[in-house]
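The structures considered in this document are given below.
Here chain A shows up in two complexes: once beside chain B, once beside chain C.
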Partner chain A sequence: MKVKDLKHLYYFEKLLEEANNELVRQAKNEGGIALGYTCFHMPEVLLNIGKCFSVRLRAPQMGSMEIATYYMSNGSCEYCRALLERAMEGSYKFLDAMAGVDACEAMNRCMENMELLKINDPEKKNFFWTNVDVPYSDDEDCVRHLTEQLRRKILHPLHDKFGVDISESEIRKAVAEHNEVCRLITEIGEFRKIENPVSTGYEFHVLTLATYVCPKYLIIDKLRETLEELKSREPDKKKKFRVKVVMVGSEVDDPDLIKLIEDTGALVVADRFCYGSFPGRQQIVLNDSEDVLTQIVRKNLKETECPRHCALHKIKYRYDRAAQLFEEFHADGIIYEQMKFCTYWSYERTLASHVISEEYEIPTLSIDRPYRSGMSGQLRTRVQAFVESLEIKKIKARQGLKRQGEE
Partner chain B sequence: MAYNAKTGKGLGRFYSANHRAFTHREWKGVADTLYDFGRWLKLYSFITVKLGVHPILMIKAMKRYRWMISYLTAANMIDRHTMGLRGKELRYTHEEFYPIMRYTIIKLRDIIVRDAHLRPKSKRAAKLRANTVMFDEMTPSIIMAGFPTVNWLDIGMFTIGEPGEVDQFANLYYIDVIERYGMPADVCPLPAAEAGVAVVNDYPIVGSCYITSSMPCDGSIGQTTFLVRYLKDKNIDVFQITPPQRFNEPEVQEYAVANLKKCIEFIENKMNVKWDWDAFWEGAKMYNETTKYIMNKWDINCTDYPQVCGAAQALHREYEFQEVACLDPYFVKNDRKVDKMMMKGYRQDVKNDANKPRYRAIVWACPAHYYTNFTYWAQHCWGVKTLVDMECMLSYHMFHIGDKEQAMIDMAKSYERMMMRSHTNGGYINSLDECWKMCEKFNADIVIMYDHVSCKNVGCLHGLYEDQAREHGVHLIWVPHDLMDTRTVSRKAMRDSFNNYMFNVFRAKPLDPTLVDYEDALTW
Partner chain C sequence: MKYFGGCDVGSTYTKCVILQENGEIVSSVTIRSKINSELSAWAALDQAIAQVAEISKPSDLAYLIGTGYGRNKVPFADENISEISCHAMGVHVTNPNVKAIIDIGGQDVKGISIDKDGTVASFAMNDKCAAGTGRFFEAMANAFEMSIEEFSKLSLSAKNTIPITAQCTVFAESEVITLVGEGKPRDEIAAGIQLAVAKRCFVMAKKAGAKDSITLTGGCAKNEGLKKAIEDVLKIKVIELSIDPQLMGALGAAEFARQKGMDKE
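Coming up: the complex of A and B.
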């Protein structure tokens, strides 16, 4: 018997078809302030204070990127080019502000191109652009630095331009809502740890993505329902996957990529990539003794797994984290992926694919890919080969055990 | 001008498609040829004195390190830059290049005498290493002015940066190594080659700790992940300086200073020494003085009678700031001398209303390491004089001598505006807006726009440069290159792009037709 589709999956998929989706429009009609952002380094929760809601930018169903390529050259990150192309098409005119970060060159320049090419709605007189200086490490000096940046460049403009209440209590409220979404996503994600998971990586990615691009308060109910549904969902008796993998790498905002991988028989059980749930969907635990903003910033800097942090302890943290997810989710291998032309991940993927396979002894596939890769035959072939190699490993391991038993 | 219209002989005749060296030396007239030869003799005498006393170590070093062999072609590098020059311009160029070569020779000697790879059992080498801090390039090495008893060496510049400028083939092996290791070919070849050096264990191990940074670009940060790991395996502790990006904002300096103080503390602990303010002020004074001289050069080049131009000005300042940290008294002395020569030359030109450039240009974005004499080629072939190069327009922030707190801020501001970073970080205002500002200041209507095909940072502003150049009425001549990898875009291909613009847009005639089309793919 084929497992039933999730009740709201189609609804969530529809929400991912455009940036200005149904729920964004609804929130705007209710007086919400839409704040665009792109990167984990911009603490999402700060963009969800009071009437504000965050929209992590994507460029779904992107086709040609000719104009963006003229502006950003053909050797730059395709994700950033896709965003610029979409912005020039007018798809982000609904935004009330853009919260950028100086995290990587392409993202930073993408925002600057948008700003200079005036892609925002000129009618929105309070619209503001900002670029937050994100430090390259996570010590207390860095925490203080980023706290000051966020206060000056995000919180104060929100207050001054839109009258948003940026008090501690309002930030705590936003954290509470954020935590509820994180709790639901984490619980849903936990189902991927069981022997025969009741949801696919594709489904999980669709749900996670929806939480990044929609106003939180409008999707919480459907997430709750989905969680309940999964609790009683019966998986197929016969496993539909051949191996389990952890995906590690740069930005993946296209569920079709996960679908492509799963179609080859590799179930994606953990999503450690930008727009995934690791990191990004872990609850923020606050104490009462310290300023809330500082606590949020500290957590953000500690948990980032972006390769822009290259102090030894951060590099090790990333390797250990990948290995930890591999263990926790009972995976058979790790796929290290990178968006083509992403400099940080070019270095990280190259080195990590050696370290993880040679020192941690975890089978690793290393790939780079275009922004839209759901139809890539080349990629499919590489993942298929990896799946087969993992299966062979399993067979050999079983044979080895059997032989040992006979002896 | 070196071209003789009657005989048809020009500078192009010195190149041969089948030879690495020039076919023969240029005759520059009696006085200039003698001067040229004298400089050549001076350089080789210095090499003999400093490196000739370590013949075995030198042979070992050349057998051990590929990059070391490239230094053998150093004299050819100077010839490339002085070819076609006469009179005071020839002298400026020699004077600007010699301190770089001199410093390099001294530091190569320092490397070979303390390198753990070359002298694993030497107690003397170990003792020297114990008292040496290794630096990555793009680090505020001026910090070492406060540690006068400790030595320091920039291992990044000596293994990759400088060899690549001396010899166009120097970095190719290391680029291939890292690509074979799995690195995509689209990343900037400079940090990629540096990572390649780590993969094949070709860094000299000359110190007991290492200072790196997050500058100036994403590739540089990526490279650090390789270096940190490489040095960890050799039990060398690393400190990473992480300066702020948005350095135009005064608010970021508090963090920058805290970060620098941590670096000082790291060195104090590792080397068991204390920061010495008196010594630091002496270093800061040298920095201030050299900064004053480069600003003088810019001021003169803004006039109708520019003097110290092209790579002589650019490379001198880049090395003085980057590799030397403005801490070599010889550089300061030399700067004083060139300043005097320049002022004299300027007064002469004003008086005679002579030597006005045919075209006035500035160079923007990152130039090709393998073609540092491109600006001289543009000058000889088309009469396009390069008044300033973006890469040498690095920090010109002066230190406030005697004010300790302010000095830390000064140091932060100085390294935040380091090579490349000065324009590629901190927002488009430092790259785009600054370019048009400099065109106006230097009265230039041509921008030789280096299109480093792997540089995402400047590449991502490509269209905006095009749009705004049209608005400003500036000729933006894109010259593609791949920084360290001559196989992607050859020197000839770079010249062809420039030629096309000059022929088709300016409808110009070359000053030296023999330089329009020649083959130099094999030359160093």
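Coming up: the complex of A and C.
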């Protein structure tokens, strides 16, 4: 018997079809303030205080990127170009402010062009652009610097422009809501650790993506229902997947990429990429002795897995995390992926795919890919060949164990 | 007697191999691919099956595996396997001493290293553009107004090599036309083209872990000028196969089908 579709999967999929989706429109109608952002280095929870809600930008419905390429050159990150293209097509006019970070050169240029080209709605008189300077390491000087940046460039403008209450108690409320979403996503993700998982990587990616692009309070109920549904969901008796893989890499907001990988027989059991659940959907644990903003910033800087952080201990941390996810989720291999022309990940992917396979002895596939790659036959061939090699290794290992038993 | 089939639906050519139980090839076919992968597979299967008296249709095969670009469109296939795994297996059953392959297909170039049991140890793939692929050679042969066969031998008489700097197929074609227009010796231009592709092959082979020898598979394996460029300039020995190198994907698929089909019983 074929496993039943998740009750709300279609609903979640529909939410991903446009940036200004049904729930964003509903929240706006209820007086919500929509704040756009693009990167983990902007602490999402700060954009969800009071009536504010965060929308992490994607570029659904994207066709060609000709105009953005004219402004940014064809050697710049496709994600950034896709956002600029859709911005010029009017996709983000619903936003009330844009919270950028100085994390990578391509995104800086994307934001700069958006601002110069005036892609925001001119009727929104309080609209503001901001760009926060993000340090390259995670020591206490860096924490203090980023804390001050966020206070001046995010919290104060929200208060001054929209009258948002930015008190400790309001931030703590936002953290509580954020943590509930993270708890639900984490619990749903835990199902991928079992021998025959009850959900696919594609389904999980759709759910996780929805939590990044919708107001949290409007999506929590359906996430709860989905978690309950999964607790009693029966997987297919015959396993549909031949191997399990961890995906590690840059920005992925394309469920079709995960579907393509899973169609070749590789179940994606852990998602360590921008827009994935690691590290974006990990709870923020607060104490009562320190101001809440500092605690949020420290966690963000400690847990970032972006290769822009090139201190040796951060590089080692990223390798160890990839290996840890591989162990925890009982994977057979790791796929290192990189958005085409992403500067940081192009270095990281090249090095890590060697280090992880040679020093950590974990089978690794390394791919770079365009922003939209669901139809790529070449990518399918690469992944399928990797799946076949992993499967053969598993068969050989089983045969070896059997032979040992007979002896 | 049971028979096992492998059907390699490539972007340019479709190949089919049928094996009997002892692994011997009883039938093989190579045809130009059609726009529809399924129709290509049907045509190749029909022709291959017609060569075996005891079977009359694809479903008579005990096990059939599809591979290549159109691998999931092969009618009646029991499963599909990537061409990377199939080329490795095809070469392994042809010559178990070969440990590395450069497969030059119609639309990509792959470097593959083979484990001792015929499975893939490692691979690298250039699939970003047509540079260095079968399509590239077709465009170059067109620029010289020659058939592929004629073009593949043209560089053999060259005393010098005129380097081609453009990697893009379209730009390389216009560079070649310019050089021909300037009256440069055609065989030396052709040697430059072969060297450019050989370098690309070298990168793929090294990325996949090749040491000092390789074999060529795919349609371009028959290109004598390319073989010479790889051996003379890049100092990598090219091992000749006893079976048509263009059939390696289909042969590997048929061998996988034989192993799986025999196991099934």
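The criterion applied here is as follows: the second predicted complex is superposed on the first by the 407 of 407 C-alpha atoms of A that agree within 3 Å, B and C clash if a C-alpha of one lies under 4 Å from a C-alpha of the other, contacts with A are read in each partner's own complex, and residues count from 1 in each chain.
Going forward, a residue touches a chain if its C-beta (ideal position, glycine included) is under 8 Å from a C-beta of that chain, and two chains touch if they have at least 3 such contacts.
Predicted model only: the values in this text are computed from it and were never measured.
Participant: With everything superposed onto chain A, say whether chain B and chain C fit together or clash.
Facilitator: fit
Participant: Classify the contacts of A:Q384 with the two partner chains as first (chain B alone), second (chain C alone), both, or neither.
Facilitator: It touches chain C, and chain B stays clear.
Participant: In the superposed arrangement, which partner chain does A:E148 touch: chain B (first), chain C (second), both, or neither?
Facilitator: A:E148: touches chain B, not chain C.
Participant: Given the touch rule stated above, what does A:Y10 touch, chain B (first), chain C (second), both, or neither?
Facilitator: Touch status of A:Y10: no partner.
Participant: Which of the two, chain B or chain C, is in touch with more residues of chain A?
Facilitator: B
Participant: One more residue to check, A:I392. First (chain B), second (chain C), both or neither?
Facilitator: A:I392 contacts chain C only, not chain B.
Participant: Is A:M72 touching anything from chain B or chain C once the two structures are fitted on A? First, second, both or neither.
Facilitator: Once the two structures are laid over each other on A, A:M72 reaches chain B alone.
Participant: Using only CA atoms and the superposition described at the top, report the least gap between chain B and chain C in Å.
Facilitator: Between chain B and chain C, the minimum C-alpha distance equals 6 Å.
Participant: Which residues, counting only chain C, touch chain A once they are in their complex?
Facilitator: My answer: residues 69, 81-85, 108, 119-120, 123, 125, 127.
Participant: Quick check: in the complex, which residue numbers of chain B touch chain A?
Facilitator: That would be residues 178, 181-184, 186-188, 195, 214, 217-219, 221-226, 228-229, 232, 238, 240, 242, 244-246, 249, 251-252, 254-255, 258-259, 262, 424-425, 427-428, 453-454, 456-457, 459-464, 466 of chain B.
Participant: Which bits of chain A are touching chain C when the two form their complex?
Facilitator: 377-379, 381-382, 384-385, 388-389, 392
Participant: Within their complex, state which residues of chain A touch chain B.
Facilitator: 70-73, 75-77, 80, 102, 104-106, 108-110, 112-113, 116-117, 131, 133-137, 141-142, 144-145, 148-149, 152, 307-308, 310-312, 315, 340-341, 343-344, 346-351, 353-354, 366, 368
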